[in-house]
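What follows is subunit A paired twice: with subunit B in the first complex and subunit C in the second.
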Partner chain A sequence: MWLAGALLVTLALAIVSLFVGVGTVTPDRLWSDAEGGQALQLLLVSRIPRTLAILLAGASLAIAGLVMQTIVRNRFVEPSTAGTTESASLGFLAVTLLAPGWPVMAKMGVAALFAFAGTALFLRILRFVPLRDAMLVPLVGLMLGGVIGAVTSFLAYRFGLLPSLLAWTMGDFSGVLRGRYELLWLGLVAALLAYGMADRFTVAGMGRDVATSLGLSYESVVTLGLALVSTIAAVTLVSVGAIPFLGLVLPNLVSLLVGDNMRVTVPWVAVLGALFVLVCDILGRVLRYPYEIPIGTMVGLVGSAVFLVLILRGRHA
Partner chain B sequence: MTRLCISLILSACLALAMGGFGASVSAAPITVPHAQGETVLPGVPTKVMVTDWAAFDNLEALGVPVSGVPASATPPYLAGRIGADAQRIGSLQEPDMEAIAAAEPDLVIVASRSRTALPTLSQIAPTLDMSVDNADLVGGVKASLQTYGRVFGREARAGELVAALDERIAQARAAMAGKGTGLVLVVNGGRLGVYGPGSRVAWIYDALGVPSVLGDVSDRDHGGDAVSFEYLLERNPDWLFVVDRDAGIGNEGTARQVLDNELIHGTKFWAKNQIVFLDPAAAYVTMHGYSGLMLMLDQIIARARDAS
Partner chain C sequence: MRESAVMNRPRWVLLVLVLLALGSAALFLTLGARGGWGFVLAFRGGRLLALATVAFAVAVSTVLFQTVTENRILTPSVMGFDSLFVLVQTALVFALGQGALVSLGPIPRFALNVAVMTGFSLLLFRWLFLRETHSLHRLVLVGIVLGILFRSLSNFLQRILDPNAFQVLQDTLFASFSRADVSLLGVSLVLIAAASLVLLRIGHRFDVLTLGRSHAISLGLDHHRTVMTILLCVSVLVAVSTALVGPVTFFGLLVASLARALVGDSRHRFVLPAAVLLAIVTLVGGQTILERVFRFDTALSIIVEFLGGLVFLVLVLRGAAR
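The block that comes next holds the complex of A and B.
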């Protein structure tokens, strides 16, 4: 019921998003042939792809966060606090340096492989952390991300790619056009698979022993989860850049609202993730019109504020 | 016999006079005002190191040998003109202080990217900050040439270069006159930004008199203000001047590929094929160098004449 409401709000805002931009697109102009049907062209080439990209990236990144949190059993883990995003950047940089001519799909594949390796390394390191303290886990992830990020920055610096690296990794929907965002549909596929596997992730989250005694192949479930998360991280990084905090804030908010059963939370996380990014992007397009504030900045700003509130609330409870 | 004597004495006198004259020139201290104060040089410097490509560009144009250049982002248009024995002395932002100290130069030149190194470098060798204010870029380049001309005793050559620059600008102005509006765009990592007044390429608006399609744009970050493809379609300038930042720093440029899309195909500049891909190194790295500026002016003049 409430979910349907959230979905409706998201749809309404998605329609608003179609009519926000520098070009003039208004409903009545769409049906007229004003300026040779330019409004309709803008809608098809720019507005609809951008809105879809926002919805896809928002939903799949939020779910990636949820899957990681379930597997690692820690509320403060998400691709950008576990080294996944940084590893994907390193992979993308490496393939850009070594094989600049490769098609985007191949580059993205390399980025996903790096993301997978980086996240697996994170899980491996976690095994050696004696106290699985709630704060220690994300700290390990942040440190790992820091090390990988430092290697990436160093390489980028050595090869004069630092400004380009900053531009790729800063999440930004302004370059989205028809033909330049479709990879994000892969993220949706990964997110749907995650939904299908929700029960297994929940069980795997209870630990190797419990999962195994319940007849679950722990290793393969965790591996598949990591593959899904890595794919989502790589696809969004390559298509629109990194959007920090999203996978962290949304699952926590949803957990406060509807609890922790992953079957229930996945749709919520997906819808609210899409809604959150949509609101941030519309604001980013409007606040400094006709220039844009990149989504990475907007989400970072709003997301960190929400996160702070969550932590403070947790203290009082 | 006497004739020989006389000529010997004469030539000896001449040699003495020449020697005396030369010594007095190189011994006279030269006071050079620059962006961070004033530096007194004991004489004409012979071993010069630069931490900025614009400084190299200008000195090379004047025919002054340079014995130390940055290690990073060598502009392709200058690559062939760097002396084979020139030392590489650190990145554009961070000069290699130790290498510079070890080389014992007579003069070090810093500029916008390396200007914070001046206090440290001054303790090693006389240092000039030759930063140029983008608000009057052309004037700044001319002033740099004249300063170098005075320091190295090449005033005449500096005068020629300034005159040549003025003439080329007049040609470009004339070529672009009445050819419509323009916009300077920077492409970086596949993203777009617009450069406005006060930016490193603002001279296209100011010095060439190309009417800009943007009223207000701030250049707070190096990539210019972020814009979408829709913005280009909506503002629809007649000319697009592209600074391909990736290509400028020595990587594969993406600007052509990024701009080749359905929305851009609807713009005036695309329809008339009026996109000028400015020499990326001259536009993004050197900016304040004479040869780089001339190179970009040539590009603009050539395209503007084609478009007549």
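The block that comes next holds the complex of A and C.
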């Protein structure tokens, strides 16, 4: 019931989002032939892809965060606090340097592989952490991300790609056009698969012993979960750039609202994730019209503020 | 026998570090120089002084910050301190307008920055450290996220600034040891000298602080006042280094940890100079090697960040945090 309401609000805002921008697109101009149907052209080539990209990226990144939090059993983990995003950028940079001619799909695959390896490394390191302090887990992840990020910027610097690296990593929807966002549908597929496996992730989150005694192949479920998360992280990174804290804030808010049953939370997380990114993007476009503030900045701002509140309230410490 | 070896080690380490620092300074000044010596020495001398100033500021502020917080993995930068400086700088440009700041001149502008930043950071630290219920890990996490928040906020403000003002600001955003801002050197040295004098006067209290809050108080130390004085000096030092080369996150952690490991003695009269000398060797020596041997330009900050990040991970994993 409430979910349907949230969905309606999202749809309404998505329609609003279609008509926000520098080029004038208004409903009546769409049907008139003024300027040779330019408005319609703009809508089809730029606005609709952009809005779709926002919805897809928001929903799938939020779900990626939820899956990761369930597997690691820590509220403060998500692709940008576990080194996943940084590993994906390293992979994308590496393939850009070594095989610039490869199609985007192949590059994205390499980025996803790197993201997977980085996240697996994170989990491996966690096994050695002396005491599983709830705060220590994201701390290790942030540091690992910092170290991988330093390697990436060093390589980028060495090969004169630093400006392009900055451009990729700062999440930004302004470059989204028809033909340049479609990979994001793959992220949606990964998110749907995650939904289908929700129960298994919940069981895996209870730990290796419990999961095994319940007849679950712990290793394969965790591996699959990480593969899905890495795919989502790589797809969004390659298409629109990094959007920090999204997967962190939304699952936490949803768990405050409707609890922790993953079957129930996944649709909520998806819808609110899309809604959140949509609101941030519209704000980013309106606040400094006719320029825009990139989504990475808007979400980083809101996301880190909410994260701070979560840590300081210490609900899960 | 063993006793005397332990006694001598810090002095040997310091001696070797002094020689290394002098050697790297000499190489920095002379290596690959062409043209008139007067010009080369004056030009490189200014940069050398700037690098040494930064090294001093970062090393001293990190070691003392670790003393005050009674913990070896914290540094002012891990706690979001230098991104705070960038934010203050951005906010000033934003609030006063670029024209007002430019007509103010670089030195009053810098002084204004330092004043606002010092006040603000003292408030922040009172708030963070005087709530003793927080676990250490939570504190570090809060610091890191505050750093991200400050960075996003500066970024946000910079995006709404008009493009000209943005240009003025942009140079402060990226840490670079090769573009140290020599024009601010004079005011930096004055500030550093002032902070150092204050620190020198209370220097005998540092080792007592290391014993922990309750021991220090029972030994008759005015704990709160000493801590606040040190934090004040730390914020001045951070402001100076950030103004000169921009924000660096893990550099201080790297030199402080190395210094403690090399010296093998936790007394400040050994650790502080060792950290300063190590910082000079790292910055000046590293810059010389990168510039003259590998012909890189600004990569030193990236390498230092990488090594420092690794040290941090190792410290966390070894449980040094507890």
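Methods note: the second predicted complex is superposed on the first by the 308 of 317 C-alpha atoms of A that agree within 3 Å, B and C clash if a C-alpha of one lies under 4 Å from a C-alpha of the other, contacts with A are read in each partner's own complex, and residues count from 1 in each chain.
Criterion: a residue touches a chain if its C-beta (ideal position, glycine included) is under 8 Å from a C-beta of that chain, and two chains touch if they have at least 3 such contacts.
If you're wondering where the values come from, they're calculated on a predicted model, not measured in any experiment.
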Subunit C versus subunit B on the shared subunit A, clash or fit after superposition: clash
Touching partner for A:G175 - first (subunit B), second (subunit C), both, neither: first
Touching partner for A:A305 - first (subunit B), second (subunit C), both, neither: second
Which superposed partner A:F154 touches (first subunit B, second subunit C, both, neither): second
Partner chain(s) touched by A:T202 [first = subunit B, second = subunit C, both, neither]: neither
Which superposed partner A:P100 touches (first subunit B, second subunit C, both, neither): first
Partner chain(s) touched by A:Y291 [first = subunit B, second = subunit C, both, neither]: both
Contacts of A:S164 with subunit B and subunit C, given as first, second, both or neither: first
Clash-bearing segment of subunit B relative to subunit C, given 9-17, 27-35 or 99-107: 99-107
Touching both subunit C and subunit B, counted on subunit A across the two superposed complexes: 288, 291, 293-294
Residues of subunit C that touch subunit A when the two form their complex: 135, 137-138, 140-142, 144-146, 148-149, 151-153, 155-156, 159-160, 249-250, 296, 298-299, 302-303, 305-306, 309-310, 312-313, 316-317, 319, 321-322
List of subunit A residues in touch with subunit B within their complex: 21-24, 38, 41-42, 45-46, 100, 159-161, 163-168, 170, 172, 174-175, 177-180, 288, 290-294
Residues on subunit B engaged by subunit A in the complex (per definition of touch): 72-73, 188-192, 194, 217, 222-223, 225-231, 233-235, 245-246, 249-252, 258, 261-263, 266
Residues of subunit A defined as touching subunit C within the complex: 76, 125, 128-131, 133, 135-136, 138-140, 142-144, 146-147, 150-151, 153-154, 157-158, 244, 287-288, 291, 293-294, 297-298, 300-301, 304-305, 307-308, 311-312, 314, 317
